[in-house]
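See the structures that follow.
After this come two complexes, each holding chain A, first together with chain B and then together with chain C.
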Partner chain A sequence: MKLFDALTKVDRRIIYIILLVVVTLPLIFPSAQSVRVMPPVEKFFNAVDSIPPDKALIVDFDYTPQDMPELEPMGIAILRHAFKKRIKVLAVSLYVQPLGLAVRALQQVTEEFNSVATSNADSIIYGRDYVFLGWQVGPVNAMLTMGESIARFYPVDYYGNRTDTLPLMREIKNYRNVGLVTSLSPSDIPKYWVAYAQNRFGVRVSSGITSVSASEFYPYLQTGQFSGMLVGMKGAAEYEEIVEQNLNVKGRRKASESLPSLTYAHLLIIAFIVIGNVGYFLSRRHK
Partner chain B sequence: MNISLDPWVWIAALLTLAIFSFLYRDNPFYRFAEHMFVGVANGWAVTFYWHNVLMPTLFDPLFRQGQLLLILPFIAGMLYFTRFIPRVSWLVRIPIGISMGYYVGASIPATIQANIIKQAQGTILTTHNFQAWHAGSMGIVWSVILFVGVLCTLSYFYFSREHKGVLGLTSRVGIVFVMIGFGAAFGYTVIARISLLIGRLQFLLGPWLGIIE
Partner chain C sequence: MQRTFPLVLVFVFGILGILPFIIPHPVVQNTNDFLLNVFLKILLAFALVLGLGSLLKVHMDKIKRKRENWQYSWVLIGTFIVTSIIGLFGGVDGSGILPTHIGSFSFDIWTIYNNVEVPLGATMFALLAFFMASAAYRAFRARSFEATLLLISAFIVMIGVLPLGNRISPYIPSFAQWIMDVPNVAGQRGIQFGVALGAMATALKIILGIERSWLGGGGS
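Then we have the complex of A and B:
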């Protein structure tokens, strides 16, 4: 009884230190943790995998530095999948903060592929295999106007090239030439893609979201409005797994590396919640 | 251990530690990092929007290329500043009205279709919806639970009659679903926050201290 009383009154800073140790140790001493791929991730993989050769994948990078641990590994795994299958990629950012992070992900995966490429055909080349359209004012404007003409809304790409001069953009005019839009976002942007791009133009939409907003987005998966969904670090690790298993694409799996820390931290939080509640009920009965 | 020699990595690491120091208690290091973040973010945003929005889409075309039609959005935008002059502050309603009109017009049909009609369709007990769960024969069970959950939760938020009798029963069931929803949301919030902590620790242990790859 006294023990539970003491535990319920423990200084929060001690809890922080315990949590820090539990999260840090698995990062310093990594251990393999198996990743089971769940249906929403499998659905996402199949949606990307089934994009026909004449259509493109739009990857909407909308994460900011505070969402990077969850959403950046998703972006990297999706790009690995697309580049391996030679799916054309149009990258966009509907907000300004993610621009640099999108460039970072695109550069990393391009370098991974080009470092082992043996010919021009094997390489991932800007303008031929992917284009980064950058940012323009207004997410809703972008979604609606791209249904009519992508080049009209993005007259120049992120690097200042005229989009109508890029080989890829001569093939990809609007959503009719897009097989899937995938939105990596911590906000409501995936819902906007459904409301404005899917409803009006019929384009398929999938999403990569942060864990905190997962319960808000699951209904869109159940109704089929999302052709797959990746949730948080766990979803990113599952996508890394399915890409590596199915396509034999090797590369650093940052989300998978983090899973042991995530697991132990969860077990710790569960233990804290149980101890706190048992202590509360015991102390109430005692009174 | 291979500590970074890059000054930018050191700045990022020290600012991270300054923010983390708030977990102990409020202190000058935390306040310095917080104020600097707000200042830098605002300075960056103003500069970015000036060079990437106002100059290329308004000032250059209007004043250098003579596209005079742009005078209309320019005036509409300037009317926002009338907020600071009490005698003409009512003029601010004009640009607000234009923005609201555009976004409400664009969003109402799309939102009703995506967030109400499609969601209601997803609740109906049909074979298509059973299969959407990817759970075999259990799909029927999940669909029935969803159906009951939606109806009972809606009944809980029906306040025009006292919650007695059938309405009392359904609203009590509804509150159970609401609580389960809150629990799930809290669980996901814990995952999210721990993930962010992992991200920062990966940076501190990796690029800064060189303890991990």
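Then we have the complex of A and C:
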């Protein structure tokens, strides 16, 4: 009888310690795992891949340090894909907090490409291949005004350059010159892109979201309003996989390296739920 | 007048917010452009100052009245002042008029962001994993048919999103994807239709002045 009760009353500190061990050990000894690419990720990849040469990809970096482990690997994999295919990139942040993380991702990927570049044409050059527009007040304002004129809403970029003087911005005026908007966000921002940028101006939208908020975004994927969706760490790992397989872009795969931690954490939680339920049923039968 | 003026403002700007979506005339579009790019930007800048002022006021008041955990308000005010000075006069990467380097040690906004805000934010969120594991163990019981169904779906999705799921059987990730694509979408769509209709009704009530609780005083 006492054993059954004990199964339902495991001290939370024991759960914390075991979880700490199973999460940290695979991070200390990382090994990237290959994953099966699921249809939403495949759709996302095809949407980026099919952007015509005269159009740009807008990457909206809206993740904060809290969501960085899930969303930053997505941002890095998307930038690797875009730069490898020489797709022009306009990066924005609709909030202040993600600015530093956007800079970090852009710097990392441009350094990866430029370290192996042999000529100016091979290199990823700021102003020619990508522009970071930074932040301006009002997320919905940004989405609506960029449909008319990007340079009017962002008169200067993140580094203080006048946007209309940058070579890339002379080609990319508004959504008519944008092939896809991708929003990496833990909040409702991808829905706003659909409501304000897609519904009004017809631009295609895709999203990278956290696992915890995934369920509410699936209707947008089913209707085709999202041209692909990356969900959590697994979605990021799948995108790393598909980019590496299809484009032969090598680089550190942080999401794939984190999957063992996620696997053991999920298994541990399942094990504890089973233990709790076994204890619950046995103690109920003996009462 | 105190109540009528805000109601008129909400009515006028509420209608101005709807019109550009249905009237493509240049006058309407240009007015909208002005509102979004000039008017709203100025308004939001003032709102930011107002918000920061309000934040400081709340915490000063907390310290003054020695409310619960008032000591932490000193931390907030202290860091607010320090980061504001460094940000305003030192620049983002130390390029401002204020020196933000002592030897090789720098304390510009970029350094503070990378070394304080990023690890603190990540730590706060990481703690959730421990609470979730403990809460799932304690609360997730197959007490009824519905709870059992939820439990089984959760197990399938949890295993299906892992590489392990595909190794056990390629059907597990596909089935997990089906759960998210079909039953989940059916439920979510119902909820979202309800929320959207509710939001439209509430917006109309506010614009037309029927719903006035936002004015304070419970609409009286």
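Keep this in mind: the second predicted complex is superposed on the first by the 281 of 287 C-alpha atoms of A that agree within 3 Å, B and C clash if a C-alpha of one lies under 4 Å from a C-alpha of the other, contacts with A are read in each partner's own complex, and residues count from 1 in each chain.
We take it that contacts are C-beta pairs under 8 Å (C-beta built on N, C-alpha and C of every residue); 3 or more make two chains touch, one makes a residue touch a chain.
Computed from a predicted model, the values in this text were never measured in an experiment.
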Just chain B (first), just chain C (second), both, or neither: which does A:66 touch? both
Contacts for A:153 in the overlay, against chain B (first) and chain C (second): which applies, first, second, both or neither? second
Taking the superposition on A as described, I'd like to know which of chain B and chain C A:280 touches: first, second, both or neither. second
Of the two partner chains, chain B (first) and chain C (second), which one does A:248 touch, if any: first, second, both, or neither? neither
Partner chain in contact with A:31 - chain B first, chain C second, else both or neither: neither
Examine A:145 and indicate which partner it touches, taking first as chain B and second as chain C; both and neither are also allowed. second
May I ask you to decide whether A:266 touches chain B, chain C, both, or neither, giving the answer as first, second, both or neither? both
Have a look at where A:115 lands relative to chain B and chain C in the superposition and call it first, second, both or neither. neither
Looking at chain A, which of its residues have contacts with both chain B and chain C? 16, 19-20, 23, 39, 66, 68-69, 137, 144, 200, 211, 214-215, 219, 222, 231-232, 234, 262, 265-266, 269
Chain C residues within the chain A interface of the complex: 21, 32-33, 36-37, 40-41, 44-45, 48, 110, 113-114, 117-122, 124-125, 129-130, 132-134, 136-138, 140-142, 151, 155, 158-159, 161-164, 166, 170, 173, 177, 180-181, 184-185, 188-189, 192
In the complex, go through chain A and note every residue touching chain C. 10, 12, 15-16, 19-20, 23, 33-36, 38-39, 64-69, 97, 100-101, 136-138, 141, 144-145, 148, 152-153, 200, 211, 214-216, 218-219, 221-222, 231-232, 234, 259, 262-263, 265-270, 272-273, 275-277, 280-281
Within their complex, state which residues of chain A touch chain B. 13, 16, 19-20, 23-24, 27-28, 30, 39, 43, 66, 68-70, 96, 135, 137, 140, 144, 191, 194-196, 198-200, 210-215, 219, 222-225, 231-234, 252, 254, 258, 261-262, 265-266, 269
With touch defined as at the start, can you tell me which chain B residues reach chain A in the complex? 23-24, 45, 48-49, 52-53, 57, 103, 106-107, 110-111, 113-115, 118-119, 121-122, 129, 132-134, 146, 181, 184-185, 188-202, 205, 211-213
